[in-house]
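Letters A, B, C and D mark the chains as written, and numbering starts fresh at 1 in each.
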Amino acid sequence: MRRQLPILIVFVSGVFMIIQYFIPHESFEFIYEYAMDWIIIIGIFAMLLGLWSLTRVSVSKVQTKAPGWGFSVMTLIGLATMLFLGIYKGNKSIAEGTLFMDIFWNIYTPIQATMFALLAFYIASAAYRAFRARTVMSTILLVTALVIMLRLIPLGPLSGINQTLASWILTVPNMAAKRAIWIGIGLGATATCLKIIFGIERAYMGKD
Amino acid sequence: METIGIWIAALLTLGIFSFLYKDNPFYKFCESLFVGISAGYWFVTTFWQVFMPKLADNLVAGRFYYMIGAIFGVLMLLRLFPKIGWLSRWSLALVVGTTAGLYFTRYLVSNGMVQVQNTIIPLYVKGNLSQTIGNLVIVIGTFSGLIYFFFSKEHKGAFGGLAKLGIWILMLSFGASFGYTVMSRMSLLIGRMDYLLGTWLGLIH
Amino acid sequence: MRYKNLRSSLVLTFFLFFLILPLSQILAQDDTLPPPPPTEVKAGDTPNDNGHSITITWKLSGDDGAGKKNVVAYEILRSESPTGEFVVRGMVPAGNNTYQDRGAKEKEDKNYFPPHKDFYYKVRAKTLNSYSESGVAGPAVAYGQWFHIGKLPVFVGTLAFTIMVLAFISLARKGKEFYVRPLAGIDAVDDAIGRATEMGRPILYILGLGSAADIATIASFTILNRIAKKTAEHKTKIIVPCNDPIVMSVAQETVKAGYLDAGRPDMYKEENIFYLTSMQFAYVAAVNGIMLREKTATNFYLGKFYAESLILAETGSVAGSIQISGTDELAQIPFFVAATDFTLIGEELYAASAYLGREPLLLGALKAQDLAKAIVMLSLALGALAASFHFGFFLKLFTVQM
Amino acid sequence: MTFYERLMQLDRRWIYLAIAIAVIIPVLLPFKVPVYITPEVRSVYNFVENTQPGEIIFLAIDYDPNAMAELHPMAKSIMRQAFSKNIKLIISALSQNGPGMAEQLISQISKEYNKKNGVDYVYLGYKPYFGIVILAMGQNYRIPFPTDYYGTPLDSLPMMDGVRNYDDVKGIIDIGGGNITEYWINYANGRYKAKVALGVTGVMTADYYPFLQSGQVFGILGGLKGASEYERLTKREGEATEGMSIQTVAHLVVIAFILIGNIGFFMSKKKK
């Protein structure tokens, strides 16, 4: 029961999903749609596990007065505030204009946008560190990145040539490389799916 | 209220940017607040936008087969009780098995068939040199790129040469994508600077 | 559901324009003469579908693209009897000669399309101010199919690939050994763990933003299992902050299993595999903090990654960690290649579990992947040659109808 | 550590500082960076320039507010250029969330040039099913749009007198942020042989170049860069020029650091 049944569930549900791809008939479509909804519902229940884990880790930091435990208090306050504001008035709690949404727009959104904007700095520092002409490979990386970036720099008549070269790189060799990677990923992922369905890859199930 | 909102947003923006100099209490404050608020926001919105319409409403409408999903959901929660925690594996098995089957055909078609289909192009296009060269580069590039991904053969000799060509073309593509992305990342920063200098400080309009 | 209603109301609005227009008679030109009607109208079950649709085809009106060239659109009308009232079901722009009359499969849906029922169709050619109707076609009946003919190439591919994988796995089971070439990213794993042990600092393992339903994440679980085993042997702490509650649950099981494999279940600490938040940048903000505060010696980023890839990799580099990355997310590979020490590119991520465990069965599957790759490459080469000589048959082998 | 070795291991905070300055300074002190004008942008400009006063150009504003940053400057420049030369415009907005935004833009620019609705320009607005709308306008604008955006029948607008379809306009400029653009090429150009030029977002640009080579479109403005070139040509620099200047400076900074790193690398290797 503990080991075999899960393996059987994986096998049956996996094989069913493969078969239903080939069968347009509505009876299979219905089962498929239910199965997808069940997966979503499982995910929703699992949210409680997430909340439990986050709360437990934060609370234990506060209890043990671990370094930086004050910040865990902040996390707990943020979490509790949002949960309370988002539930107490029923589904009207998350309408525009509520305190819940004010917090979303004035605290959540700016922090998120700023985290995202950090990438402008990091892309520069990564370029500085990585693009050195050490080997043939890193030289290719360096040169193509430069060609593409130079398309925004006025170079007089050279701009025309650079423009053509940049769009050629983006549409031709870039496409070839992407296809090779895509096909590789396709083979790797499909093989992994089969290994899962046939129970060969089962590390994700853990052990007793 | 709006002014307070702008000030809060601006200070939090600075708090995150301060991380660039080094880790500091200001950043830690923003970070821990962000984690708590985002987790709460995510839970609440999923509850109202997914849980209610997907499960509660369907059960109320008497669609009993949604009960099956709910049962598997409850099994998942049994993880919290070590003695019967192993029951959560059934739900896990359903999730993993279903998606493995789903993705199998999806990857086979979109990453396999379609890519091969798109790469079956004529190597010689009459009277069009640039397209002939382009097609040649695409076919040879894809071919040698795949050689690089061979695991069970040593990269030696002609085979190794092709594999090397393959990784070079991959690097070409990586360099190009990297260079291409710089612009959109800078736009993100410009947007934040507009907020700080314009909306907050009113230096520009 | 709401979307469907929106669409039908849009159709209705548009339809009204065409009704109002003839009344307004804006341009009193020869447009008032009806165009030649569409001919050879045929209606029949739509192939390869769930049984709630009928396909109608016709021959274009003589004034569509030829003659007076004033046909604008075709309307498709349906009735339950040849002499009954015909209702407009849809419209297509001029130049088109097929229409799929489809509806919902749920009986309670307003737009339900009953299968196994006789329907009759007419097609109407419309100009600005007039129209003409074809004769009645039908009866036609909609019914569902049990196999999608257009997906036959996929079916063959599925069977062939499955047989290959199973065959090589059974060869491996019989004891056949397969060679795999060295991969730099994999060889670095042991050193990276060793380094963390020497420095007495923890290892950070990030499974990315994927859910337990992403194949890349599942592949990453297997790698996590092997790495957890090694860290248990080295008595090094491993931290796994997660972005999804199910992923966290699985990661806990996986790491625990790794510690069991190493014979050190006592060292397993569940609180090191924890959930933070499911929101992308909040998660990243927290992981950034962990890297700098825990001073992780080695960071693994294996799984699904999006824009945060570079934020993680640069912060890790500031912290001086050795970084090993791998993802199948094409747009992020360049940033990992540039900013981390070793990167598993695309398929290498999937191969990594076989490499790390050196399990014969997994290596067998890898060999099957290579064989499939060889077949793909052969098809590419032959296909390109065939296309060069305008030989279209080959392309059809890979053409999938949806 | 030698000077060159130090070049190789700059503290990354210097890089962060440089990027921050590169982004802030151009915002505070706007300045112009020279721009190279590509032929595909120039041909759109020349097309409008060579249109006679009183003739009509069809301008399709087919994007949502989320593509405004890149595409609004294009629409602005083209409208300003046309109005300043007394060229008339027929404007449509076939993207679902775009019509309100387009209306704002039109009323703003028409006020600048004192242009009258119905006399100097006509705003048709939005109708669903852009494919059918584009096709039907090839027959007569009145089929999909019996009235303009404001509810006035097209026949009572002086400018529309005798103006039936694409044959009566000099050409079509479609500024689009999605797949509507394809329909302009396939229907307006393919079926009705109208002259079509495009303004598209940066991401879309590479995909539409083949249509330029095949002659199906006579010009393309690609992304912020295309927009800034156009602003430069019409000698009215605005948001695109400013945005592009910041981008140019930021890119220069990134390139400069790459070069510094490589100089350090080569020179320190030479010494050994």
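Here is the rule we go by: contacts are C-beta pairs under 8 Å (C-beta built on N, C-alpha and C of every residue); 3 or more make two chains touch, one makes a residue touch a chain.
These figures come from a predicted structure and were not determined experimentally.
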Both-way neighbours, i.e. chains that touch chain B and touch chain A: C, D
Comparison of B-C and A-D (more C-beta pairs in contact): B-C
Far-end chain from chain B, centres as C-alpha averages: D
Centroid distance [mean C-alpha coordinates] between chain D and chain C, Å: 32
Centre distance in Å when chain B and chain C are each reduced to the mean of their C-alpha atoms: 13
Rounded Å distance, chain B centre to chain D centre (Cα mean): 29
Where chain D touches two or more other chains at once, by residue number: 12, 16, 19, 23, 247, 250-251, 254
Set of chain A residues in contact with two or more other chains: 18, 21, 39, 42-43, 46-50, 54, 68, 111-112, 115-116, 118-121, 123-125, 127, 129, 131, 141-142, 145-146, 149, 152, 170-171, 178, 181-185, 187, 189-190, 192-194, 196, 204-206
Two or more partner chains touched - positions in chain B: 16, 19-20, 28, 30-32, 34-35, 37-39, 41-42, 76, 79, 92, 95-96, 98-100, 103-105, 107-108, 112, 116, 119, 139, 142-143, 146, 149, 170-171, 173-175, 177-178, 181-183, 186, 189
Arrangement of touching chains [line / ring / star / complete / other]: complete
Chain B residues within the chain A interface of the complex: 1, 5-6, 8-10, 12-13, 15-17, 19-20, 28-48, 50-52, 54-55, 58, 65-66, 68-70, 72-74, 76-77, 79-80, 86, 89-105, 107-108, 110-112, 115-116, 118-119, 134, 137-146, 148-149, 166-183, 185-186, 188-189, 191-192, 195
Interfacial residue positions of chain B with respect to chain C in the complex: 16, 19, 23, 27-28, 30-32, 34-35, 37-39, 41-42, 76, 79, 88, 92, 95-96, 98-100, 103-105, 107-109, 112-114, 116-117, 119-124, 135, 139, 142-143, 146-147, 149-155, 170-171, 173-175, 177-178, 181
Chain D partner contacts - residues on chain B that touch it in the complex: 20-21, 182-183, 186-187, 189-190, 193-194, 197, 203-204
Chain C - residues contacting chain B, complex: 153-154, 157-158, 161, 178-181, 183, 212-215, 218, 246, 249-250, 276-279, 281-283, 285-286, 288-289, 292-293, 331, 333-335, 337-338, 345-348, 351, 366-367, 369-370, 373, 376-377, 379-381, 383-388, 390, 394-395, 398-400
Chain A-touching residues of chain C, taken from the complex the two chains share: 48-52, 105, 144-148, 151, 154-155, 158, 161-162, 165-166, 169, 211-213, 215-216, 218-219, 221-222, 224-225, 244-246, 248-250, 252-254, 256-257, 260-261, 271, 274-282, 284-285, 293, 307, 310-311, 313-314, 317, 328, 330, 333, 335, 337-339, 345-347, 349-351, 353, 361-362, 365-366, 368-369, 372-373, 376
